[in-house]
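What follows are several structures.
Note that subunit A is present in both complexes that follow, paired respectively with subunit B and with subunit C.
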Partner chain A sequence: MTKVAIVGLGWSGFSPEVVDMSFREMMFKAAQRAYEDAGGLDPRRDVDAFISCQEDFWEGISIADEFAPDPIGGAMKSVYTVAGDSLQCVGQAYAMIKSGLFDVVVVESHGKPSDMLTLHDVMSMALDPISLRPLGLANIHALAALEARAYMAKYGVGPQHLAEVVEKAHRAGLRNPRASYAGRLNAGDYELSPVVVDPLREADIAKFVDAAVVVVLASEAAARDLSDTPVWVEGVGWRTETSTLELHDWAFPLHARMAAEDAYRQAKIADPAKEVGFAEVDNRYSFKELQHIEALGLAPRGSAAEMLLEEPSTQAAACPSTSAAARWPRGSPSKSTASPD
Partner chain B sequence: MNRVKYFQEVMEIEAYVYTAGPIGTRWLQELKNGRLTAAYCAKCGKLFLPPKMFEPETFEEAVELRPIDDVGVVETYAVIHRGFDGEELKEPVAVAFIRFPGVEGGLVHYVKAKELRVGMRVRARWRPVEQRVGSITDIECFEPV
Partner chain C sequence: MTKPVNPRGTPIKEAEAVGIEFPVVGKARYNYTTGEALGVFLAGLKQGRILGTVCKRCGRVFVPPRMYCSYCFRPVDGWVEARDEGVVVTAVASYIEATRARAEKARVVGVIKLEVPGYKFDDHFFPGIMHYICVDDEAVKSMGIFGMRVRARWRPVEQRVGSITDIECFEPAGP
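This part shows the complex of A and B:
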């Protein structure tokens, strides 16, 4: 079975509001960059299939999948859309190439939340229509805040730990040209940040950005043709939580733990805390960074916060996820988790 | 707003109906009657809340609702001070996840209490009969026992 590599990466946006391009042009610009990065690949000739991550409500266009092909060079070719995060699509592309039926697969994802004038309504429409939506929550972040408190109460995590995560992420973002919200924060700045949904302050919640990302994946033979520096994908895993929020574990992201175990198994990683040198974790909320470090097995459950305080300035060691790649200073483009960092 | 560069569109996302389904309809009817119920899975013998026709662990079809006590325990809570766009609410609103003894899952609902804490026992405050419509909001909120 062939190996799979990432051979090209392109991006567009990563700013709070992209004012001069629609999401379709942002897709096009990200694709141009990715194809150039993949050795000048011609999508009309060299790509076997395309996957686009999108959801109609986020687009403001119904049946938005029909808008997917043209901006990425996929018209009249094999294109499908996944209503999920871009990392899911990377997993899909990986499986397609592993099957032997495809040599080069392109993954595109984008989000332009600045276009959405009723973003909170759209997000509220994602809630269960019987048990949750009728409550009319004034702020959808309340659900994350419920998770935050459950995690913090169970594992003794305090606001000082969240402040440290926020400070570190913003500081790291200064080295990332795509991090719109990077800055030098200190504990005092954190405390001045208004409480939005206790226990979360405004600084604990990643702000949105407009962004598009395109990733080119290839089989081993194609990768060696297209790139001198392919990045090999050794394992992929994803798990979807129960759709009933009330039945999920509020204190720990078991889905992330199980997905990581799947990926580690494929990559033959037995002890991630020792073997993984670098990790980029989703930290759309401050506490999520701590949770995900633990879910990835990089720190024992409930211990990431203390480890962070003990080594606040390091990027390696037990918490290698603290690179310039953090979501927070970069912002959250809603669908484009696959980052160009 | 430059009307050539941008133009506003409206997507009527609120103009839908949702079919409550066999279990959901009965659950809502019971709420209207002032009774909290949970679905019973005949395969694993567990009660789960909110009820669905499909038990997520066993994939068994749930056909039975059983009454449960409307006294639960706050497993976690959050206090909303500001809306999604940063606007300050007139007064903070507390929302909690409440677990009920012997039941998988629970309910997310509002709690009115002077001091909230994890582990606090709370009871449903039901709306007057004439105000109930068959909704989770027939429970106005939960209060300390």
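This part shows the complex of A and C:
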């Protein structure tokens, strides 16, 4: 079975509001960069299939997959859409190439949340329409806050830990030219940040950015043709928990733990805390960074917070480096997790 | 009863065609970014001009415009102005409003293949516009509308806002 590599990456946007380009123009720009990065690849000739990660409600367009092919060179070619995060598309592209039927697969994802006038209402559409939506939650972040509370209560995590995550991420973002919300914050600044839904303050919640990301994946033979520096993908995993929120584990992201185990198994990693040299974790909420470090097995359950305080610059000895720039100062483009960092 | 009795629909002849009022704009509301291509296009409509972009490699003209050629995967080479007239490629007559009420007068909607001086297009790919056509539904029933030359009926300048509706409809342009 062939190995799979990332051979090109391109991006566009990563600012709070991209006013001068439509999402289609952002996709085109990101695709141009990715194809140049992949050795000047011609998408009309060299790409076997395209996958776009997007969701109709975020687009404000139903059957939005119809809009996917044109800006990325996929007109009249094999294109399909995954309603999910871009990392899911990377996983799908990986599987397609592993199957031996495809040599080069392009993954596109974008988010233009600045186009949404009623962001809260749109996000609320993700709730179960019968059991949850009628509650009319005043703030969609309440769901994350419930998880935060459960996690913090169970593992003795306090606001000082969240403040440290926030401070570290903002500081790290200063080294990232795409981090719109980077800055120097201290604990005092954190406490001045208004509470959105206790325990989450505004500073705990990633702000949105408009962005598009295109990733080119290739089989081993194609990768060696296209790139001198392919990034080999050794393992991929994704899991989805139950859609019934009441039935899921509020205190610990089991889905992330199981997905990580899938990827580690493929990559033959037995002890991630020792073998993983660098991890970038999703921290769209501050406490999620701590949870995900633990879910990835980079720190024992419930210990990431204390490790962070002991060794804030590198997170912890057992977890050498995480979240260098992270989602949070860069902002969250809603569907484009695949990072250009 | 919370589901429609017949989810496959009811033949028009049998329908009581009761109008139902519903909000056109729901809770999910958006402020779409036009971007460069459609921004220039809408500004052109306000001036009474139909603008498109051209890819000189393949000769395609895009109306509505885009800043890239989908077929050559490259930036387009610039702007061209289409004439505000062309021929009807396809059209239908609609007898029911969006609110499900029976329309007092049938509305005809169609696709118009536009002309751009200096360019020739086949029937597969052409600069086009979908719009209302101000003709009687008999023109659709008789199929006489196909291939009919039509011309944009513009709203008065002071009523134009930079929208596709700055064109009221397309009307027969004569032979």
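Operating definition for what follows: the second predicted complex is superposed on the first by the 332 of 341 C-alpha atoms of A that agree within 3 Å, B and C clash if a C-alpha of one lies under 4 Å from a C-alpha of the other, contacts with A are read in each partner's own complex, and residues count from 1 in each chain.
Keep this in mind: a contact is a pair of C-beta atoms (placed from the backbone, for glycine too) under 8 Å apart; a residue touches a chain by one contact, two chains touch by 3 or more.
Since the model is a prediction, treat every value here as computed from it, not as a measurement.
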Partner chain(s) touched by A:A145 [first = subunit B, second = subunit C, both, neither]: first
Which of subunit B and subunit C A:G188 touches, first, second, both or neither: neither
Subunit A residues touched by each partner, larger count belonging to subunit B or subunit C: B
Which superposed partner A:T118 touches (first subunit B, second subunit C, both, neither): both
First (subunit B), second (subunit C), both or neither touched by A:P199: first
Which superposed partner A:G277 touches (first subunit B, second subunit C, both, neither): neither
Touching partner for A:R24 - first (subunit B), second (subunit C), both, neither: second
First (subunit B), second (subunit C), both or neither touched by A:T244: first
Subunit B and subunit C contact sites that coincide on subunit A, given as residue numbers: 19, 57, 60, 117-118, 121-122, 125
Interfacial residue positions of subunit B with respect to subunit A in the complex: 5, 8-9, 11, 13-14, 18, 20, 24, 27-28, 48-50, 52, 56, 75-86, 89, 92-93, 95-97, 104-110, 118, 135-137
Residue ranges of subunit A touching subunit B (in the complex, touch as defined): 19, 57, 60, 62, 117-123, 125, 128-132, 134-135, 137-143, 145-150, 153, 194-200, 202, 242-247, 250-251
Sites on subunit C touched by subunit A in the complex: 27-38, 66-68, 70-73
Complex interface listing, subunit A residues touching subunit C: 18-25, 28, 31, 35, 42-44, 57, 60, 69-71, 73, 75, 112, 114-118, 121-122, 124-125
